[in-house]
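Here the chain labels run A, B and C in written order, and each chain numbers its own residues starting at 1.
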Amino acid sequence: MNSGMSIIVRTVTRFVYGLVIIFGFYVIMHGHLTPGGGFQGGAVVASGFALLLVAFGAAGVKGRLNAHWLQTLEEVGALAFLALGLLGIGTAFFYNLLANGGGLFGAAAGSGPNTGVLNSGGTLPLMNWAVGLKVMTGIGSVVIVMLVAGREKEAE
Amino acid sequence: MNALTVHAPVLLVAVPLLGAFATPLVGRFGRSARNVFVGSVILFTGALAGLMAAHVFGLGEPLVYVLGGADGFGVPLPSGMQVPVRILFEVDAMSAFMALITALVALAGTWYSFSYWRERSGGDLYHSLLLLLTAGIFGMELTGDMFNFFVFLEVTSIAACGLIGFRVWLKHSQEAGFKVMALYTLSGILVLLAVGLLYGEHGGLNIAYLASRVGGSLVDRIALGLLLTGLAMKAGAVPLHMWAPDAYGEAPAPTSAVLVANSQASLYGLFRILFTLYGATVSVGALGWILIAFALLTIAVGVTMALVQRDIKRLIAYSAVSQIGYMLLGVGVGLAVSVARPEFGRTAMHGGIFHMLNDAACIGLLFLASGAVIRASGTRDLNKMGGLAHRMGWTTGFFLIGALALAGVPPLNGFASKFLIYESSFRLSPILAVIAILASIMLLAVFVKVFQAAFLGPASREVGEASTGMLVPMAVLAVTVVILGLFPGFFIDRIVAPAASALWSGRDLYIRAILGG
Amino acid sequence: MNVGNVPFVVAALLVVLGLYTFLFKRNLIKLVIGISLIETGVNLFLVALGYRTAGIAPIYTLAPAGRMVLPTPQALTLTSIVIGLATTALLLSFAVFVYRHYGTLDAGKIKELQG
C-alpha cells in the first residue's frame, strides 16, 4: 500500500478526484430536494479520499490529507449541527427557525410536485452541510488510520 | 428556571452531546481546562436531571416534549384519528427516576476519571466517549419513540465498547471489546427487527400510539419475543449474560460504574415495553412468569459464578449480573399478578424499582473502590493482593459499606429493597423468596472472601491511600447508600412509588398524554 | 406465491445466511461479515415495508402524478445503515488490535478470558 498503483491509475485519479469531490458536494447541497443529503454526500467525498489513498499510496498522500485537520473539522461539523439545533430553542429543540422566513434558505417551498427551489428549507440545508462535513472528515479519518497507520506499525 | 425545566428532557441529551463533541477541542488547551469543562458539563447535566425529576414528580402526569415544533404534533387521518408524527420525548415518573440514577452514576464516574487519568495521555477522547455514553443513556430513558430508542441503544453500545477497548495496550481489553461489540450489535439488530415488524403492522413508531393499537396477533407476539430477547441480552439476564464479565472486567474502573447504568437503561426499556406497550394484551401473566424464570436463573448463576472468581473485577461483575436478577424478580412478580392487582404486587414493584437505585449506587461504589485497590496493589488477582487495610483506611471502609449493602445487611439500602422483594415474592410462591435469600447469603460469603483477600492480612507491598480525587466520588456514593438505607420510607414515598405506579397503573395516562382524550 | 413477497423472502434469506456465518465461522473477519449480512437483511426488510403497489419515489421535485411509497422506512433504513457503518468500523478496529496482540484471527484460539 505504500507504493500506490500504476501510472495509468494515478493519472486518471488526478482527473477524477476533483469530480468526485464536487459530486459529493452536489449531493449534500441538494439534500432537501433530491435523494441525498448529509450522510450520502459525505460518504461520496470520503470515497474520493479513499481513492486518493489507494491510487497514490500512503507516502504520496502524506502532504495532502492532514489527519490533524480532519479531526478538527470533524468536531466543528458536529458542534455546528448541535448549534443549529439549539438555534430555535425558544420554541423547541430542532425548531426550523429559518424556514419561510425570507432570509437565508428562507423561500417558501411549494407543495405537491414542483421544480424544487434550492433556496428553501430553512435550517435543513445547513444541517445537511454540518452532517456532511462531519461524515466526510469522520470516514476520511477512519480510512486514513486504517490504511496508513496500520502499515506504519507493521513496518516497524 | 421555568424555561430550563420545559426544555430539560432534550437538554439532558443535547448538553452531554455538546460536551462530548467539544471536549477534544477544549483539550487542546491543556488537561485542567478539559477537566474543568467536562466537570461543569456533567454538573449542569446532573442539576438538570434533578430539576426535571422534581417537576415530573410534582406534575403527576407524563411530560411531553415535541422535537421541532410547538403546535400540534398530530396529523389527522381521513378516518379522523390523530397520528403523532414528530419525535416525542415523553417523561413520566419512571423515566425521571431512571434519569436520577444515571445522573448519580455519571457524576461519580466522571469525577473519579479525572484522577484516574492523571498520569496518562489520551484522556480527551476518553472523556468524550464517557459524555457520549451518558447522552445515549439519557436518550434511551427519556424518549417516547421506538426507533429513537433503538438509535440511542446503538449509540450507547458503540460508546460503551469504545470505552471497554480504550486501553489498546492491554490485550484482554481488545478481545473483550470485540466480543462485547458483536453481542451488543446482535441485540440491537433484534430490537430493530422488532421495531420494523411493529411499524409494518400498525403504521406508527410512537410508543403511546403503538400501545393503543397493539393486540395479540402473531406479528405482535413475534415482535414481543424479539424485543424481550434483544433487551434482555443487553441488560445481562442469564442465559444471555456472556458479555457482562468481559465488559465490566476489562473496562477502566469508572467506566464499569457507568456501564451499570447502561444495563439498567435497557432493563427500563424492557419494563416500558412490557407494561406500557403490551400491558393490555391477555398474556401478561405468562410474561410475568417468564420474567421470574429469567430472574431466578440470573440470581443463581450470577452468585455461583462469583464464588469461583479470582479476578476482583469479574467477581463484582458477576454480582452485578445477579442483582439484575433481583430487579427482574421484583418487577416480574408485579407483572405476573398485574391482572388481579393485589397489594403485594405493588410492593414487589416498589422493591424491584428501588433495587435499581440501590444496585447502581452499591455496584458503582464497589467498582470505584476496586479501581483504587487495583491501582494500589498493581494486580487484579485476589490471591496476590493483601493487607491493604493498613494504609488505605478510607477505601477499606467504602468497600465494606458497598459490599454489606449489596448483600442486604440492615440498616443499609440493599436490605430495604431486598426485604420488599422477599416479602412480596413469598406471597406469590415461597420458593422464590427462598432462592433470593439463599443467594443473598452466598453473596455475603463472596464479599467476605474478597474483603479478607484484599484488605486483611499482612501488607504485601508499600501502598498509599487513594488520591482525594478518587476518594470524593466514593464518599458521595457511600453517603448515598447510607442515607437510602437509614430513611427508606421517605425515598420510597417520594420517588419510588410514583415511578412504580407509572408502570403499574399509569398506562392510560401515558397514552392519553399523546393521543388526547 | 405472491410475487410481492419476494423482497421479504430475500431479506429472511440474508438474515439466515448472516446468522449461519456468525455462529459457525471461526475467523474474526468472517464474523464481522456475518453481522454485516444480518444488518443488510434487516435493512432490506425495512425498505420493503414501505412499498405501495405501483408507487413512485417519495420526492416532490418534478414528480409525476401518482401514488408515492412511504418515506418513513427509507429514513429508518438510512439511519440503520449509518449505525451499521460505525459498528463495522469499531469491530474491524478491534479485530486489527486483536491480531496485533494475539498473532491470530482464529476465534477458537482467542479465548484467554474464560470463566
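We adopt the following convention: contacts are C-beta pairs under 8 Å (C-beta built on N, C-alpha and C of every residue); 3 or more make two chains touch, one makes a residue touch a chain.
Only a predicted model underlies this, so the values are computations on that prediction, with no experimental measurement involved.
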item	value
Label of the chain whose CA centroid is most distant from the centroid of chain C	B
Chain pair, B-C or A-C, that carries the greater number of C-beta contacts	B-C
Rounded Å distance between chain A and chain B, as computed from the means of their C-alpha atoms	36
Length of the line joining the C-alpha centres of chain B and chain C, rounded to whole Å	28
Separation of chain A from chain C, taking each centre as the mean of its C-alpha atoms, in whole Å	23
Sites on chain A at which at least two other chains make contact	none
Contacting residues of chain C [partner chain B, same complex]	22, 28, 31, 35, 38-39, 42, 45-46, 49, 72-73, 76, 79-80, 83, 86-87, 90-91, 94-95, 97-98, 101-102, 110, 112-113, 115
Chain C residues touching chain A - in the complex, by the definition given at the top	57, 59-65, 78, 82, 85, 89, 92-93, 96, 100
Chain B - residues contacting chain C, complex	147, 151, 154, 157-158, 161-162, 165, 168, 171-172, 174-179, 181-182, 185-186, 188-189, 192-193, 195-196, 199-200, 205, 245-246, 249-250, 305, 308-309, 314
Chain B-facing residues of chain A, complex	71-72, 75, 78-79, 82, 85-86, 89, 91-96
Chain C-touching residues of chain A, taken from the complex the two chains share	33-35, 39, 111-116, 139, 142, 146, 150, 153
